[in-house]
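Consider the two complexes below, in which chain A is the common component and chain B and chain C are the respective partners.
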Partner chain A sequence: MLASLAASFPARPLPRIGVGVLIAVALGLLIALPLGLDNYYMRLATTVLMYCVLAWSWNFIGGFVGYPSFGIAAFFGFGAYAGAILLSAKIIPFWLSPILAAAGCFAVAVVIGMPILRLRGHYFAVASLGLGEVFRELAMSWTALTGGGMGINLPPMRPAFGTEAQTFYYAMLILALVTLGTTIVVARSRLGVAFRCIRQNEEAANMIGIDATRSKIIAFAFSAALPGAAGAIYASWVGYIDPSDVFDILNSVKAPVMVLLGGTGTIFGPAIGALIYLVFEEFVTHHLLQFHAGMLGIIIVALVLFMPHGLLETLRRRKQGQA
Partner chain B sequence: MMTAILELRGVSRHFGGLRAVNDVTLSVPQGRIMGLIGPNGAGKTTLVNLITGMIKLSAGEMWFKGARIDGLAPHRISRLGIARTFQIVQPFPEMTALENVAAAAMFAGNIASQSEARDFAESQLERVGLLELRSTLASRLSLGQRKRLEFAKSLAMKPSILLLDEVNAGLHGGELAEAITLIRSLAQDGLTILIIEHLMKVVVSLCDDLAVLHHGELIANGPAQQVMGDEHVIKAYLGERYLKRQRAG
Partner chain C sequence: MAEPSDGLRPRFLLWLSVRFMTLLLQNLVNGLLLGGLYVCIAIGFSLIWGVLNIINLLHGSIIVLGSYIAYYAFTMFGISPFLAPLFVIPMMFAFGYGLQLAVLNRVVDKPVLITLTLTFGLDLILNNFMLAAFTANFRRVVFKDPFETLDLYGVIIPVDRVVAMALALVLTLAFYLLLNSSRIGRAIVAVRNDRDAAVLMGVNVKQIYAVTFGVGAAFAGAAGCLLSVVFPISPMSSGLYLGKAFVICVLGGLGSIGGALIGGLALGVIESMGVMLAGPEHSVLTGFLVLLAVLAIKPTGLAGKRGYE
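Let's turn to the complex of A and B:
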């Protein structure tokens, strides 16, 4: 909803300078953050940024277009393996690995999207879920390339400046900003209008000249390429990957839950959802370790019962009700 | 011989054993209002779905402005200048009236700039008398207003031919009169109109030509007065309705 408002009207009459200052302060804080953080918080901050990328990526296909994808883990894992294989062969530098992983995931998503985006609703959800499992099995069995169940060790990275932890933080930060930028540009473009029309009524969208199939494939490819890049950075960051880690089905569930938490189809909802979710998850793992696994379930149930439209939309509606 | 803007040649659509549309050959002359009438289940909406590419032909050919269009995807057909309204209105509920019409202008209307699309959309909303409701969500409009929104959306596509599927059903007296005036003014501007209509008084007051479908087959086709005097038509369609009305009365 916010996205649609943002797309059709100029932002609320906040003074332009005010917005500029706000953005500059936020960016400054994000850039300066590593200076004041110990290793634990650096890891947490990098993780938050990574999940922001995954949540924003899911938002393209799941939020804007309304196709409930569970394919995030598939492309996160694909990107992680692409990056790991290229880096351990020592044929590319670190900074190139997320770019190539993204390009690879984009291409794969276009090819796979053509058949599975013909499916709607539950059928599409199941097909996208299967994708991750197929990729995981491939990584398991293609031992010559992927090391199979043994996984891949990545060569240690020697950062040009700063520490290794800082390098990965900044890499994730850049990727998160690219993802946010893509989200904003798409939400305001013709493509964004096409996405919203398809979500509301695909048949009527076709009738007004929207190439629904093409638009859906583009959305799916965006929501594959960006997690792919995140996967490549993640692989270098942790230094060792195996199929059950990077194709973890939980990532396919967490991303949509984060978006639902923050607000579907909005611009900042996914990031807010990711932050709330991860802070909550940290808290639970620290204080209620035995209960940690039940948490995702409780969040999902609470979301469905109390905030089916996400935090931003619930707040907006409450505000509208008071006005 | 008038030039035909849309030509159907031997068009059929079978669903299993059911011949929903069977071997229909029909020319829609440019710049006129043609009524498509027939009893419920005669295949009128199926024919519109075939023309707009929503469902595929089982047999036959369709030509629009001299180019073959059967087999094209719906979005391509709509970009060529064929617009339709739905029997059950299909707005984008979470978008405002203006956003709905602007989207149509942007894609089928082929207006690249979003602000130009909105300007054009405003002029179309004004044309159907919906301008003051431009910021209202489509889901909050009344049925009559939604029908007018559907009209504005179709017009924003800059069509050469407009297919109206029971656009007047459910409208009350005043709204109906307005709709008739609007349709007539569109025809005067040179738009070709194919209208599916059940209300005979609308058919009589609007249509230059009539095509009558019965069990999926075209049983009559020609100038309105001539078709309404046709024996088959009276038997298959007008007579039945007339008898029903007599019994009800």
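Let's turn to the complex of A and C:
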């Protein structure tokens, strides 16, 4: 299933003007959206954008390279803490925090990637999962820097223009566009070819002169830096973070689940998955507070068992079967 | 005022070294007692991983479920948790057997991401059920007349832990006999070594998968019974147990009982020494660092073999 994920990324010949108009309309809608939404829907829209960032970022290591990573939570949390610490020390303005968080996550991912990307399959999956736990433990115990279990309160933001909600919406929108842009550029570059080769056969990729280790580390670092930036924006947005919130293991699982939901093999699949996921989540959290995680589990199990090609693809196939 | 220290210093040094040796020995004993339980945590997990090539993220929750059954059998009917494996093992076997047959067999050949995501989803469901049914409060098995502690020249040995460890080792032995002397056990080993050849020999692989998962779950439940005597019980502990099972498998190698035995005892000792040196709040970190160090040297684990990637 994953084999088809990135394979169909290469440019499909489409009428250029049509695409241009479509992109312009979509962008215009996204930019104009805050004018027509109240605070509740603003929050939902910002969350969808954040989930898009997480899903597209996971796609670099999980989709292109085919390494089953569960490390999103580690870097989301790392970015959130980096941003929160810098902002509460009042040494940088808000707009710089996601950039610095991304740079920090990129560097950390390169260093940690060197040992753990030597692992494969289950070993890599669990090592990446454990990374988040270790970071959480560090955030818990390094009280002087992180406030430990008490968490960090961020100073309130004074936006230069518009409301606070709008500022975070646009920040998340810009980040989502950057992530999407990176995805498209990487998919069409030599690096993207290297990623796909590694997924199909790492030994063969090495044999034809691809530096597999270097490529894997770059993919892992992309999958770390972008969630790190999202974490930094999230920290300012919610105003208070603690270790169990930002290092929540569920964040690591949400990203691949969203990609699976939307269907693998398209650039916009992850975004659609993020939207579907959010609708589920809002529905579930609002009605089943006691059984929130269990309901998510039921969705995941149903998804894996009955719709392994994603929701849209399954519906399309069913329709074709009937016709 | 000549040199009073001349007589005192050697005696002080002797006292210090005796204290140190006692402390070291105490931590070694603690580590081995803990390690015996860790062996029991890991064997089921290792079996499922080795035979089915599935990381069973449900493992921790099954252990906790075993603990709860033992706890309620104790508080409601007064049955000792040390006897609870007698009924927990069949219950958990049925649970695991059914789960594998109905759900997991459908994805057993799929990529790692799929099987991991599926067992993660199942774990969310089971854990949330336990949270709703038993709440997150930590519970404890409190005996009416508590077990004694032995004092061997300053090394304190709690008897309940010794009994728990002994039972854990008995269970491990039973597990060994099951795999090596029974027909079904030989079939499990055959599937693990070469699935296609096992099919040709007339082994029903789907059936063996279900039995394997059942046995793995049964031993997880039994480990939970023993743990209920030593640790407080809560659904929140499941992730901790799961992490330990994984670390042990990597330390000792996959799918072999000897590996789980060595890995479990090693982790127990490493953790107690880590607690002595760095404080108890870092025990998870210690385990993970050891794991990273081992993996950096040998990416398939200390006794790991290629082919289960």
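Throughout what follows, the second predicted complex is superposed on the first by the 287 of 323 C-alpha atoms of A that agree within 3 Å, B and C clash if a C-alpha of one lies under 4 Å from a C-alpha of the other, contacts with A are read in each partner's own complex, and residues count from 1 in each chain.
One rule holds for everything that comes next: contacts are C-beta pairs under 8 Å (C-beta built on N, C-alpha and C of every residue); 3 or more make two chains touch, one makes a residue touch a chain.
Keep in mind the model is a prediction, meaning the values are calculated, not measured.
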item	value
Combined model on chain A: chain C and chain B, fit or clash	fit
Chain C versus chain B, contacts on chain A by residue	C
Which superposed partner A:196 touches (first chain B, second chain C, both, neither)	first
Touched partner set for A:212, first chain B, second chain C, both or neither	first
Which of chain B and chain C A:68 touches, first, second, both or neither	second
Which of chain B and chain C A:204 touches, first, second, both or neither	first
Vertex chain A; arms to chain B and chain C (CA centroids, nearest 10 degrees)	80
First, second, both or neither for A:304, with chain B first and chain C second	second
Which superposed partner A:47 touches (first chain B, second chain C, both, neither)	neither
Shortest span in Å between Cα atoms of chain B and of chain C, once chain A is used as the common reference	14
Intersection of the chain A residues that touch chain B with those that touch chain C	1
Contact footprint of chain B on chain A as seen in their complex	1, 4, 8, 190, 193-194, 196-197, 200-201, 203-213
Residues on chain C engaged by chain A in the complex (per definition of touch)	49, 53, 55, 103, 106-107, 110-114, 116-118, 120-125, 127-129, 131-132, 239, 243, 246, 250, 281-282, 284-285, 288, 291-292, 295-296, 299-301, 308-309
Chain A partner contacts - residues on chain B that touch it in the complex	52, 54, 73-75, 78-79, 83-84, 86, 90-96, 98-99, 102-104, 106-110, 112, 114, 153, 157
Chain C contact footprint on chain A (complex, rising order)	1-2, 62, 68, 70, 115-116, 118-123, 125-127, 130, 133-134, 137-138, 140-141, 249, 253, 256-257, 260, 290-294, 296-301, 303-305, 308
